[in-house]
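There are two complexes below, and they share chain A, which is joined by chain B in the first and by chain C in the second.
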Partner chain A sequence: MLPSCRESIKTAVLLVPKFARFDRCVHTVRLKPNYTSVNYNVSRGGFAHLQKQHLYFFRDLLGEHRMISDTIELEKYNVDWFNNLRGCSSLVLKPKTTQEVSQILSFCNQENLAVSPQAGNTSVVGGSVPVFDEIILSTELMNKIISIDDTSGVVVCQAGCVLENLDTAVAEKGLMVPLDLGAKGSCQIGGNVSTNAGGLRLFRYGNMHGNVLGLEAVTADGNIIECLGTLKKDNTGYHLKHLFIGSEGTLGIITKVAIQCTTRPTCQNVAFLGAQNFRKVLKTFKLAKQDLGEILSAIEVMDSATMEFIGEKLNINSPIGDYPFYLLLETSGSNTNHDSEKIFKFLEIALNSHFILNGTVAVEHAKINALWSVRERIPEGFNLCGHLFCYDVSLPVENYFILVDEMKIHMGSLADRVFGFGHLGDGNLHLQIETKEFSQQIKDHLEPYIFKRTAQFGGSISAEHGMGFLKAKYLNLARPPSTVNFMKDIKQMFDPKGILNPYKVFP
Partner chain B sequence: MLPSCRESIKTAVLLVPKFARFDRCVHTVRLKPNYTSVNYNVSRGGFAHLQKQHLYFFRDLLGEHRMISDTIELEKYNVDWFNNLRGCSSLVLKPKTTQEVSQILSFCNQENLAVSPQAGNTSVVGGSVPVFDEIILSTELMNKIISIDDTSGVVVCQAGCVLENLDTAVAEKGLMVPLDLGAKGSCQIGGNVSTNAGGLRLFRYGNMHGNVLGLEAVTADGNIIECLGTLKKDNTGYHLKHLFIGSEGTLGIITKVAIQCTTRPTCQNVAFLGAQNFRKVLKTFKLAKQDLGEILSAIEVMDSATMEFIGEKLNINSPIGDYPFYLLLETSGSNTNHDSEKIFKFLEIALNSHFILNGTVAVEHAKINALWSVRERIPEGFNLCGHLFCYDVSLPVENYFILVDEMKIHMGSLADRVFGFGHLGDGNLHLQIETKEFSQQIKDHLEPYIFKRTAQFGGSISAEHGMGFLKAKYLNLARPPSTVNFMKDIKQMFDPKGILNPYKVFP
Partner chain C sequence: MARVLVGVKRVIDYAVKIRVKPDKTGVLTDGVKHSMNPFDEIAVEEAVRMKEKKVASEIIAVSCGPPQAQEVLRTALAMGVDKGIHVEVAGPEYETLQPIHISKILAKIVQNEKVDLVILGKQAIDDDCNQTAQMTAAVLDWPQATYASKIEYGSKEITVVREVDGGLETIKCKLPAVVSADLRLNEPRYATLPNIMKAKKKPIQKLTPKDLGVDTSPRVQIVSVEDPPKREAGVILPDVDSLVGKLKEGGHI
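Our next item is the complex of A and B:
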């Protein structure tokens, strides 16, 4: 038997987060986290342990250069982006083709070896790292763009394409991948689809269920599910591909995707606005939907505590002075003059109606980026706190900030700061609780309370980040028992031995 | 045992099609079709036959006024819209609540009674009528709108709401149901979702997978699957609702839906254009996507044979003179001046680039309707032919008209006319073959040839109409065996006795 998890001592090690937009963190020296299995007291499933003869099989299939078993090299695959979770896999496999994925899974299924699928490893709920010694199947070498059709706007590619690279490639044909998120420089499209990733412009372009025209996936026994259609309309039998969208690699590993790209907008505007209270934020939101209609592409919100947070941590200040709430609205269209006229007219009405107190509009690229950076750089401050408890929830838009207010009261002096920001257009709140340091007592005061209240407000305990490992135990708060039972039946059907991404999604 | 199918004699009967937009057909006297089971030589499944004690159960549950067993009244539920198919159900049940649907299905499952779910009965592939004596479960009384949230734009309603009524209700809040189709005056939203209906504006607003935020469905054993979320972002476990979207009532009966409406556009323009050949149609299509971008809401095409057809049958003439191809483009936006400027600029470029030979733009409501009617009234001519073989397929947009040309050659003198029109923006072709009368020989010459060629061109044998009864036998042309096997496994899981919509989808 090869080495398994035994150490649990924190060791100083240089971990380099890969997020392109978070590059200020690059040189932070971070402590290696404890093993997840120890920290969270998890019992290992009855999977086989990796043996030498298994390695021989994989070596014959991939060659040694597409396997990683060196302890130092393994580290970045075993540890999650937030540096909170750590598996102890002793093997990373890097297939290049669907056939190789199929052969790997078929063999693992036969040998009862657990597999942790990994794309860009940018999950913030521990969905992409092993919990024990699962074999890590990395899609990073499956990065071929197969075709871009500039008439239909469909791109077909392997699952390991990095989102930003894919978007750059389609941009040459006047197209845009209808998905944008902070981790775009590292995350892979297969991971995006597996987690039904949301991001900044879901409000305009919809989610993966609407934009993925087809996909190919390999189930636990190596069976290749071929649903790689490129047609906008295809109603021939069950729409199986949707089972793989958002199931976080527990039903199969996505190997290829076909995505409907949108025409790349030729002009953008961004407005940054200040409002007196959340009621007026909502009035502004409704006005924007009405007056900016088809060109509105993002609508973000943050509270004054968020602005204070980035002021303190990153020396970023509000571009319009201090207000209780801030809105960032983006428009994307095909005619600069038309869009500018619309946004300035909207701004005038919003000001005259006293929905907003102040605002600025950027029409030039540099100023647009400057305004967006106020919103996009918030996560850079996360690593500069004592400790930050981060929650990604959805709420009915009328109740969007109720949870922030309630958590301020609930936490009292336990928290240094409670703040909220996020994608207002989608009802997606990122709720943050800053404390001096991590404490189990504080965590127990937060969870499951925060999830219970989210559910009571008619919200979702995971908006865009999935369940992964960290939220899996709260599945019963999110879904009624009959639905959970159906999920279990489907898991049993697709992966009877449970080898695919174990300890994730299900409690 | 109650009466079952024995007659198969054609009887003259006044059948009144319910399509709001096809009201010119209303007074046509049509012959009752032969029984489907006889015409298509189908063997009845091993389901129980309806007994008196079953009727007592249903009477106790619903009362006699919500059951139909009168032969004349039953007819409109037993016969399909095209008047080609005829079941011989002796019972229609009209539940009003999810609980009643659950009790009906639970009982039918226990008694092994087959059920044919029926919404607006506007299927053109025989998906909504029984084949034998299945009990018809009609959702027509489940027509309550539960809530309309004008901030988030979400409408929640029962499955039996007629699409047009739903759209009228949300219009009062400045919203629009992101789905429009010819049958809107009769079809019900539950049927639309069950069949993943497409229609005229899918190009802009996407399909049901993108627009349905949540649904509630009842499985064969009466289990209520509760996925009626109203949030744009919710990633908590498997996305089960998508299994019910497009599975045509074979996995469960949808009882409620939550739909993300879009802001209702305040202005529309329609351009009607003539082009020399399909290559130039495609150039126009690409130009429109680029220059009309965010306001383009429909892009329809028809060939000269289609124009001749409606000229002969309906006395409708081209509003711009005769051309080999015609395009209809619609824009929908929030600013009349901006949209008009965009569409006139587009038209100027298209003319100057010789992509189009002629064109007219309508900005007024009456003229817009007049231009749309050229496209929308095509189906009115269908009942005025000797016989018309109708096919709804998707093709890669570059190959969109190849199949029309090929079928002209393939049919030779067997056909009086072969013509094609449809939703170019979605690659969705409606291919029609007009003959003097129905003949099995002609049908055998057409099928499965037409489906095989569609598949060979990379298309889909059912774009927006589903498989229903008529296309079920060609499932193996549309899906590889491994995928069909997965479909069967899922069917087995959700409906082990196969009582839900038997003889549909699967061969």
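Our next item is the complex of A and C:
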């Protein structure tokens, strides 16, 4: 048996995407960030402080095993994914049922205790960690899949299901969750819905407002709002579910969702292309929409600075040599011959028209994953920077890259690197500014300038990441006062004491 | 400059979950994603690099199998191989095709095409035989250098670093020779679009074992193909003492 064991190990090495082999052990030792309350000019709301009798209530409700108050264990929940923000909560609660969430919120509301709802804690705008000592309500134990209907394609599950696990479960029935993002192994569906997460396939399948058929949520006073319909058509009264989608846990905590899954594609192709300039990228994009039509499922772009970035941080290299712009294009369909005929014809035209300079195509799982990993693993490099200012903006496609060029000039020698990548199909740009360390001077030079320019270009200052804590103060830049006031009225109605996710979304 | 032959086998893509046929005669292949055997890809890459270094003059890729085997030949052509030879073996005949048959087919083509060096993947990931390179060397009565992780080319001989138990072995062998490629020999390239387009115009010659005078009648009979045993579910133990108890009970400590 020994030789075959040896083989399986060797084969295992082969499974690592070929140009992504790198030493995962290269970690810089990172210090814990300062408390958010110290780093940012923000003052604590008039909430009650956690007392012994509160703890007794929670212990009676959940038992000791579903509460965390150990300082070291708490860190994971207090610090955000970027290691930039740090709350000082002293309690994590892990309910398993809607009833428990309701009882917790009802109690907190009555006692005036602030609550920070948390799913996978993968927010990049500080939406999922407490700012001060808010109680963290983690949905991680609410991970039951309630039903999967393989005829209608509707999955009903609890909010704490990890996206990837949910997708694996529905895959057994030939279905696919119409949402895919880099954080899929950690993020939870409840968080995805609360933040109206976008991701890699929004271009084809639309956002959560379209794909969530129903949900159940608990408002601040513990009231359970049941809109867990599984119907495609249901025009009975106000569509309340939409208020919870994208409101980032400020109106209520989502406890269950019903999602319309799509049929899992049986064949996929991925093309990785190199282009001379952004004008040609747009021409390729237009041609792809025309020639690939319904099978086009994702179209991503990245610039040469992004490729340099992942080369330097993660030792990932371009599979096709160096070009000013790279495009990743995916098709998903049900007939291999049909799809490959289409994609090869498209690529031939794009190449002969000089829209693209070079490229490669993957039709096998392993190579498809390897090409995707070039794009999906970019965020892994973020934590290996001195400091990275990240912006997530939507722009009309014709202005998509002008902002990156403009920021390069605007930053001058203040930044080590300015790079852009994103979901071209949705006009969603991830603009990153790398610096040696955090500096208020650099931040002031960036903000609100970058937001003002985005608005002038006809864009949105938060495309898919939400406002969270970090962008909250710019809400007034994005929306007129009457609209913001109306949002505040709604918040007041759902959560009069403001205990749910305070310091977030609103300035 | 050497004329190089590489073998390319079409196998079920390694990312695919293998399912055994209900009648236990083999595994399901219909509608399942296939790709080039990863070790063969390494062999192709090595040959293409030889050509780029001007130590090889022409590269011929051979695949034995059903009509779809041409897909992997096209992949090899797109990577830089000059010519493909498809030896068509389909249906039940393919199911019992063994390294002994393949090596005879390869040896015949080697002689017809006046090949100086044969590079094969060390094994295919579907049947894990690891025999074809060795048998081909035997049929041709050529020296063999198996599990190559590095090859240096001289005018009449090659120096090969082999991965063996406990370390690396360096051997020299005279050309013509047969080499089998191990995992760390190189990292195969991605075929670029212009080369994929060009590959469509490159020739693929079609042959049958009969054309080559090779008898492919089966030497073995497949008795049964079965799933590996299912892993039993784990148990959660309340404390260290019961863990120690369990480990003792199972004879692990």
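Keep this in mind: the second predicted complex is superposed on the first by the 479 of 507 C-alpha atoms of A that agree within 3 Å, B and C clash if a C-alpha of one lies under 4 Å from a C-alpha of the other, contacts with A are read in each partner's own complex, and residues count from 1 in each chain.
In this section, contacts are C-beta pairs under 8 Å (C-beta built on N, C-alpha and C of every residue); 3 or more make two chains touch, one makes a residue touch a chain.
Everything numeric here is computed off the predicted structure, so don't read it as measured data.
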| item | value |
| --- | --- |
| Touched partner set for A:G359, first chain B, second chain C, both or neither | second |
| Touching partner for A:G466 - first (chain B), second (chain C), both, neither | first |
| Chain B versus chain C as contact partner of A:Q110, first or second or both or neither | neither |
| First (chain B), second (chain C), both or neither touched by A:I245 | first |
| Chain B versus chain C as contact partner of A:L347, first or second or both or neither | second |
| Contacts of A:F486 with chain B and chain C, given as first, second, both or neither | first |
| Interface residues of chain A shared between complexes with chain B and chain C | 266 |
| Contacting residues of chain A [partner chain C, same complex] | 4, 7, 10-11, 13-15, 18-19, 21, 266, 272-273, 319-320, 344, 347-348, 351, 356, 358-367, 369 |
| In the complex with chain A, residue positions of chain B that touch it | 149-153, 174, 195-196, 198, 202-203, 206-207, 209-211, 223-227, 229-240, 242-243, 245-247, 251, 263, 265-266, 282, 285-286, 289-295, 332-335, 338, 341-342, 394-398, 423, 425-428, 458-467, 471, 475, 478-480, 482-484, 486-487, 489-490, 493, 505 |
| Chain A-facing residues of chain C, complex | 13-16, 31, 33-35, 38, 123, 125, 128, 182-183, 187-188, 190-194, 196-197 |
